[in-house]
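Supplied in structure tokens, the structure appears directly below.
Note that the chains are named A, B and C in the order they appear, and that numbering of residues resets to 1 at the start of each chain.
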Amino acid sequence: MNHGQLLLIAILLSSFIPGIIIFFLPEEKHRLRTLLNLCGSIVKISLILVMNAGIYYGHVFEIRVPLIPGVELLLNGDPLSALFATLSSVLWLLTTIYAVGYLEGSPNRSHFFGYFSLCVTVTIGIALAGNLVTFLLFYEMLTLSTYPLVIHRGTEKSLRAGRNYLIYAFSGGAVFLVAVVWLQTIVGPVDFSAAGFSPSYLDSHGPVLALIFVLLIIGVGVKAALVPLHGWLPQAMVAPAPVSALLHAVAVVKAGAFGIIRIVLDVFGAQNLILLGVLPLLGGIATITILYGSFRALQQDDLKRRLAFSTISQVSYIALGMSMVDQPLAVIGGLVHLVHQGLMKITLFFCAGNLAETLGIHRISEMSGVARRMPLTMAAFSIGALGMIGIPPTVGFVSKWYLGLGGLAGGNWWLLLVLVISSLMNGWYFLPILVRAWFGKQQGPWPEEMYSGRYETKLMLLVPPLVTAFIVLAAGLIANAQISPLAWVRFIVRGYGL
Amino acid sequence: MITTLLYSLTGLILFAMGLFTLIIHSHPLRKILAVNVMATGIFLILVATAYIPLGQGEVDPVPHAMVLTGIVVSVSVTALALIMACRVQETSNLAILKGKKKVKNTQETET
Amino acid sequence: MIASVILPLIAGLLCFLFNRRTFIIALAATLANFLIASFLLYQFLIFGPMRCYIGGWQPPLGITLRTDGPALLMLLITAVTGFAVTLYARGYFSHRISDPVRVGRHQRQQRYFWPLWMLLLAGLNGLFLSGDIFNLYVTLEIIGISAASLAALSGKPASQRASFRYLLISLLGSLTYLLGVVFLYRSCGVLDLDLLRNFAVNGSGMHAALTLLTIGLLLKTALVPLHFWLPPAHANALAPVSVILSALVVKGSFYLLFRFWFETFASIVTTQALNFLGTLGAIAILWGAIQAIRQQRLKLMVAYSTVSQLGYLFIAFPLSKAAEGAQVWAIVIFMALTHACAKSAMFMAAGNIYLHLGHDRIKDLSGVRASLPITVFAYGIAGVSLMGLPPSGAFIAKWMLLSSSFASSQWWWPLVIVTGSLLAMVYVFRVMSRFFVILETDTLKNPVPLSPLLEWPALILALISLFLGLLAPWPLHILSRGSMTLAQTFPGGLP
């Protein structure tokens, strides 16, 4: 076993082992628990950065575990995995800090953090998956490890939301499995590194392959919350804020989007998809999702639900970018939005959680003048919101810029139209919040003032959103530099020869 | 040849009769007896298989071994089945008794 | 090889005679059984398939024992599960006896449990190792008698009725099987499984014999529509007994059925017959799952889940025909191994919950997560394996089922398989979500903590079933090792 394989295993174990240990810790040992969590995440980030450096210089990281003839587990570090893995691990660190602060004093924390760690392990597994079987394995495990998080509160509402989540997720998983087996019977085992199968299969099995593509997209589309498979997401908002943050920014929805990217770029390959002619279908679904999500977001008064619908809408930018796979600029826009949307959305959710935890605010109508009471939180929120709308110099602007350029280059005016309309709708549902918070007058006492101290809220709740908001700005400002996410995405796209 | 055929047919008919009784009749004792009849039918077929007319060679010992084994199994199983049937009877009687007693008690307290 | 059968028999006798030390005897016996099974496997990997003529008598008069890949794998999983059940039963009876109410009844149950379980184990080992068709009848009867008696141990009226019915059905199955054997003997004159293969030509006699054998074994394996005896018998039995019945006993008769259809009589089975069995299996999957969802009691739900999972084994019939050599057995072996471990874990978990709460009504199972975390984990992992999620062995089996149905263009099986998995998800998580409900007040009836012997075997078995998929190459290697040419014969009954 060489160093590369050891590194991959170590990356996975760095959150798995703390997770198992945490399960067995008694409730009171919260210091030890926090220590384990933080150590695990710092180790993981460092290892992933090492791996990234290796990938940049062309190292091969690969582990193969054969199961039955034709089926093997494959872990593979390629530039795309590096992107997703880095995003997940960095955001996990911040979410852990946030969760420790948020859940202080609530029951069953050992189990919560145990599942939390398992969830991140599985997400990194999805990032590192090198073929469809491994991807499927970690995909189903993701559903299993996030379910206890969703139903953590144990109330009737949580259970119902959890049940819905399971039904959607496992149905999607079943469809995905059927599609994977079918595909494998036709073209043989599919390694992601091959970046698509031989076009000769298209002649004999064209329509079948198109159907398989649709099934695969449905399978991952459940997690990616493509309309009409998005029903589980707003209901899952009943979970605690760290879980929502994790679900939307780090793990579940991103895993679905990552799946779409993999299917388009690595399973079918750009050329095959252009020949098959299914890309307009993907583009159409993405457009509908973008518009529908924004439309529903407008109608919500509950802050987290509005953010949920905003997620549904925003993640489809990634799918939209992928559907324009013949335009490298659009692909860059879609890929980099994976990172950017994660950063922005997690900021927004952290802030929403702060408002709920500190002042008991759940609805937008209760948010008048809150910026005076919690200026730093609202500042972070504003940066995230502006990023969602696409105002420079936030990262949101960068992704939309590239998508727009891609649309222009391909002569797809409708793409530009969609971008403009959705940005306007984003503004329509974000700006009033900002106006109300900053310029509104406080109407009566806050619903539940739960915290009063030196800073506006607990430090552990305050620092993470500030950090992510800072990254949102910084990554946008230095977007053209060597170390920005955009540069890495350019590296990825170059690797595909697009 | 005819002998074999006759005995085998009888065995089959016995098996069928036993099967019918097992399925249709509900009394436990009947069912146990039916199983015995079915087993006997099979043994009869086996013995018929072993039959070789006088002077045409050695009798085939294998079916005889099977029949002996079968009889032993049949005996022990019948014993077990009988005990179980008794237990079923006892426990359902007990349940009815308890139920009746309860009914009586409430009736007395009501009046 | 003989030792596999003789050892549990002796242990059973000893358990019956010595009332005090039953657990030690049983533990030693199951441990030794596991070691013997491993040793046989090791020998198999070196020498290939083996035969052993007991007492030096050659067939057709003598009894032969033979080992090959599938037999050894089933033997091994029986040994592993048997060991776990022994530990679990010890914990179960200790817990029950520590409860001052009804001590006498539990002590009596314990007294008779061990000899009967040892007898059952002897029968199972004999079934997997037997090489002639009449000996199989004897082992089937041994298994039937001891299983029915074990089912009746609990003493409740419902279990008495259920076990009586079980005994009668078992007898009916054995007798039908015996009639099939008689027909075979009349047509071929041999009883040895390998020799029978040469005689398997198309003819009404052979077809009739195979049909009778099949019906007899189907009754014992509880395939829909002959499954009606299974849920009451398994659900009303004591927890360790339910484990044994669901995980091991039904597998024995299924194993025989598969062997007959795909090895001994492979040349005379028709595609229509295979499809018929497959259809019955599909109905079993759907019907069992729907019934499981409707149940109010946990143990009944798990019993119906067994009915459903057995259907998967039968769907393999039409789909295994396409494979050749070792692959024929692969699907059913993976499914059987996973189901044995996962169903044991589930019944053990259900038993634990019953001991802890005093009942097993599903809607009142709230809040168990906090008090029995290991059991809840075991249940969850077992449920995940039953659903066929990766990387469990059932996933491997499902993959192979799906891939051979796509390869042979039989589109309807994937639909059934997928629906079955989703329905399994419903009934597994229906109970799981109740575990996670956080109760307002602490209303536990029996705050006595459960011993580790009760919880850990369940968890370990569940983990085995979950990670069986990762170990997939080894069973495949074992299955492909050795073929019909026999490597060694051991006259005189060794080892």
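The working rule: a residue touches a chain if its C-beta (ideal position, glycine included) is under 8 Å from a C-beta of that chain, and two chains touch if they have at least 3 such contacts.
Owing to the predicted nature of the structure, the values given are computational and were not obtained by experimental measurement.
The central chain of the assembly on a C-alpha centroid basis is C. Ranked by how far their CA centres sit from the centre of chain B, the chains are topped by A.
Distance between chain centres (mean CA atoms), chain A to chain B: 67 Å. Chain A and chain C have Cα centroids lying 43 Å from one another.
The distance from the centre of chain B to the centre of chain C, with each centre set as the mean of the Cα atoms, comes to 27 Å. Counting partner chains per residue, chain A shows two or more touched chains at no residue at all. Shared interface positions of chain B, defined as residues touching 2 or more other chains, are absent.
On the chain A side of its complex with chain C, the touching residues are 23, 65-71, 73, 107-108, 111, 133, 136-137, 140-141, 144, 147-148, 151, 153-155, 159, 162-163, 166-167, 170-171, 173-175, 177-178, 181-182, 184-185.
Touching chain A in their complex are the following residues of chain C: 330, 369-370, 373, 384, 387, 389-391, 396, 398-400, 402-403, 406-407, 414, 418, 421-422, 425-426, 429, 433, 436-438, 469-470, 472-473, 476. Partner chain B is touched in their complex by these residues of chain C: 60-61, 134, 138, 141, 144-145, 148-149, 152, 155-157, 160-161, 163-164, 167-168, 171-172, 175, 178-179, 181-182, 185-186, 191.
Contact residues of chain B toward chain C in the complex are 15, 19, 22, 28, 31-32, 35, 38-39, 42, 45-46, 49, 61-63, 65-66, 69-70, 73, 76-77, 80-81, 84-85, 87-88, 91-92, 94-95.
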